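Below, subunit A partners subunit B and then partners subunit C, in two separate complexes.
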Partner chain A sequence: MSKEHDKGMSLIVKVITRLTVGLILLFGIYIVLHGHVSPGGGFAGGVIIALSFVHLMLAYGKDVALKKLPKTAMSFFESMGAILFLSIALLGFTGGYFFLNFISKGEPFRLFSAGTIPLSNIAISLKVGAGLFAIFVVLVLLKFEWEKKE
Partner chain B sequence: MIELYVLLIFMIIGAIIAIEMKDILSSVIAVGAVGLGLSIALLILKAPDVAITQLVVEILCLIILIRATLKKDLPFSTTGRWLLNTLIAAGFIMVFLFVAIKAFKDLPEFGYPIMRVADTYLKEGLVKTGASNFVASVILDFRAYDTLGEATVLFTAVIGVLAIIRRIGRKKKDEVVEEDDE
Partner chain C sequence: MTATSNILPLFVGISLAGAFLTSIVGKKLKWLPDLMGSLTTLILLGLSLITVRIVATQGILVYSVGGWKLPIGIALVLDGLTVFMLVTVNLMAFFIAIYSINYMEKFTSKWKFYTLFLLMVAGMNGVVITGDMFNLFVFLEIASVASYALVAFGTERHELEAAFKYTVMSIVGSLFVLLGIVFLYSYTSTLNMADMANILAQKSASNITIMVSVLFIMGFGLKAALVPFHAWLPDAHPSAPAPISAMLSGVLIKSLGVYTLCRVFYNVIGINSSLSLILMVLGTLSMVIGVFLAIGQWDFKRLLAYHSISQIGYVILGIGLGTPLGMIGGLFHLFNHSVFKSLLFLNSGAVEYATGTRDLQKMGGLMTKMPITGTTSLVASMSIAGIPPFNGFWSKLIIIIACVQANRLGYAFWAVLASILTLASFMKVMKYAFFGKLREKWNKVEEVPVFMKLSMVILALICVVGGVLLIYNINEVFLKPASDVLLEGTKYADIVFKGIQ
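The block that comes next holds the complex of A and B.
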């Protein structure tokens, strides 16, 4: 168990992971950015982004994955997503009330439309992706007392 | 409608298998089958947003269950009070069934919802928010307070997990623990 955490899985898994992990990350970003046009949105896209890092960690071990997304970056993204979402809500006061959609709506069915909704999606995806990957890392690397002695 | 009932029966059988299996890996896989069935059921009910979220969260939960709990010697609590536990569970099931039968009488029929507020959202959502995905326009514009609360819940959950599981929180009395890069 601990050997797999350090060194990762076999060569076949590593090669396949090198080919697919970027595509999974891109698909997550696509789901986030098109959340107001097609099904998806910030939460699902954020979980897919977290899954791409989980994939990297399962195949290559914890060192490679934590080098790509260190602990400090995780806590930064997690807090920054929450603050960004709250500040988008608070910026609505410039026009009147909390959560006002204050940017111009644009043309429907376009990528740049719907005012603050894509910005909120990006904030939520940062929060969800960093937070769920942090939970995964902590739970997988958890060691109990009797395991440490061996 | 018949495919929905087939899926429901499949999910119930999967849940029973997940409970009754002696092998933990088999029961985790059965839980995954239940989640996949729920995702397909949501697709049949024409809710693709919820189906995508359900599928993705199910995959992450399965990975965490397999990697984080499977090969660890977790302590199992085996108490001998199975008679009391069974009686309490049966009592709660009876209460729940009674309340549910009372409550389900007043619900509108399946497929014919009461559209008081939702009617306005469907008519004016595209003009007011500019988002062509109505789910996004509801959860991030009309009902954004709910999403803020949900984001706060997730943030608190992450902080809680990190605070409980870190080394320094699990140390014994008079034990000095230096926090390494865990």
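The block that comes next holds the complex of A and C.
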């Protein structure tokens, strides 16, 4: 095994994580994209996306997870999610109202329907996913620094 | 629905956009956060001054977010009280943002400060402008959560401790508010305030409204730091950086506490004599206990924090009286208090910036070294103590006259007593901090930088000329519409429904 894989949990956990982490991420994306036709949505999907990274961090240690999603990228995605959501709301002014659902609604129960709602879900998932993972990373890093001082 | 009402969502939208843009680009470009902070609050101040005119000419404006019609969607309502609060909040936010340009130099990562600051402004504007009960709770939480982080901004031990205490107590308050909203929602099946007021008026009085009133008094009273619920304030306000102390004491406790209390009790649930009595008793308790606790303090900012409790007592007493004069006095005192208390906190920040201490016993004779800070502080002290012709005198006078008119001489007596004690405690501040002999170690103290001076001087000018708000023409467009909204009581619902057309 390469050297960066020395940290983290045992081999069994690592192998299982390698198999499942992609599926968890995909499931999160699925929940986000089908937010308007099935239970779930931006928040729930965002939490699942964040959990896939948390999973990676628990099994492989913080270096591997932070290489996949660096701290700067996290804070960028978090703010970007909020700005996207706000701009969708502001674009509603083109139809005359703040937060107006200005795109054509399409046929109900199809993936591409419901106007701005899937876009809002994506924005929320960016914000929630990056934000939740950032909170987890901050808690972990704070603990490491505290242990270093001891 | 007219084109001008599109201004309503901008109060929340602009401040949120400012906050998130600052957090995205402010890390790289060092000059940007200062500019964003001042520019965003300047735009908001301009917009809020425009709304004064809009309400004077067009009357009440109602906006349906997303085009959903009134009882279903979220409504934003612009009436006299909202305009009054918007002007107060954004005026203070602008001057405090200017002050922070220099003051926040001594902290790292200014962009975090401005992001949280603008989020707090967004939350306060949202609370004030919304016409939807749950929306109010959401904005209340946005403003509160931003303020928890801002209180802990210095990340020293005592700051974290104060922030933790504030967080726990404030979340308990928010939970009471949420529980109250849950009960109201299950009872009336609507979240729109106007609709809720209609349904509550149709149903006969029940125990649910009493229960909800108690929950709201606890929840909003905790946010407003009325006396039995005040314990968080004397820790949280002094621990924050000075601009944030000014913001918390100047506008946060008013927009999250006093405004919400007024709106819910006068316009939604409907005031009655027992509620009015509770408000007056709580107000008087805060007024007297706050000032007694303040008078023995030696920490400059802690003393000011106790005075905030006392002055909020005046506001609640005036509003609780329920007479037209009492309303005007209470709201006028709300505006005045936000000006002079912000100014006093900025002064204490300036002293701390120059000397590094907040202990009054270690200061002395700073007037010679810091003339502008000293003078503005003298103006603000005389305002808060109620010395003519400063603005604090007029509002206290109106409140006391209103008490006498309503034949409540006991309350008038306590108001006068609290005012005298306030004067005594600020004479102590002036003597120990600014007058007297200059100490050896402060010989090298210099006056604060230009932006801090600028915002303090302008706030002091507002203190001096604040009384003009009572002149008939100005009163007619600014204070009177605000007090009229409260006096209309639950007729608010009809007016909002008429506004939607």
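Note that the second predicted complex is superposed on the first by the 137 of 150 C-alpha atoms of A that agree within 3 Å, B and C clash if a C-alpha of one lies under 4 Å from a C-alpha of the other, contacts with A are read in each partner's own complex, and residues count from 1 in each chain.
We adopt the following convention: a residue touches a chain if its C-beta (ideal position, glycine included) is under 8 Å from a C-beta of that chain, and two chains touch if they have at least 3 such contacts.
What you see is a predicted model, and the numbers here were worked out from it, not measured in a lab.
Of the two partner chains placed around the shared chain by superposition, subunit B is the only one that A:Val37 touches, whereas subunit C remains out of contact. In the superposed model, A:Phe76 makes contact with subunit C only, not with subunit B. Judged by the touch definition given at the top, the superposed model places A:Asn101 against both subunit B and subunit C. Of the two partner chains placed by superposition, only subunit C is touched by A:Phe93; subunit B is not. In the superposed model, A:Ile16 makes contact with neither subunit B nor subunit C. In the superposition on chain A, A:Val47 contacts subunit B only, with no contact to subunit C. In the superposition on chain A, contact of A:Leu111 is made with neither subunit B nor subunit C. Residue overlap on subunit A between the subunit B contacts of one complex and the subunit C contacts of the other covers 78, 82, 86, 89, 98-99, 101. Contact residues on subunit A toward subunit B in their complex (touch as defined above): 1, 31, 35-44, 47-48, 50-51, 54, 58, 71, 78, 81-82, 85-86, 89, 98-99, 101, 105-109, 113-117, 120-121, 124, 127-128, 131-132, 134-136, 138-144, 146-147. In the complex of the two chains, the subunit A residues touching subunit C come out as 75-76, 78-80, 82-83, 86, 89-90, 92-93, 95-101.
On the subunit C side of its complex with subunit A, the touching residues are 6, 8-9, 13, 16-17, 20-21, 23-24, 27, 63-67.
Here subunit B touches subunit A in the complex through residues 48-49, 52-53, 56-57, 59-60, 63-64, 67-68, 71-73, 126, 128-133, 135-137, 139-141, 144-145, 147-148, 151-152, 154-155, 157-158, 161-162, 165-166, 181-182, going by the rule given at the top.
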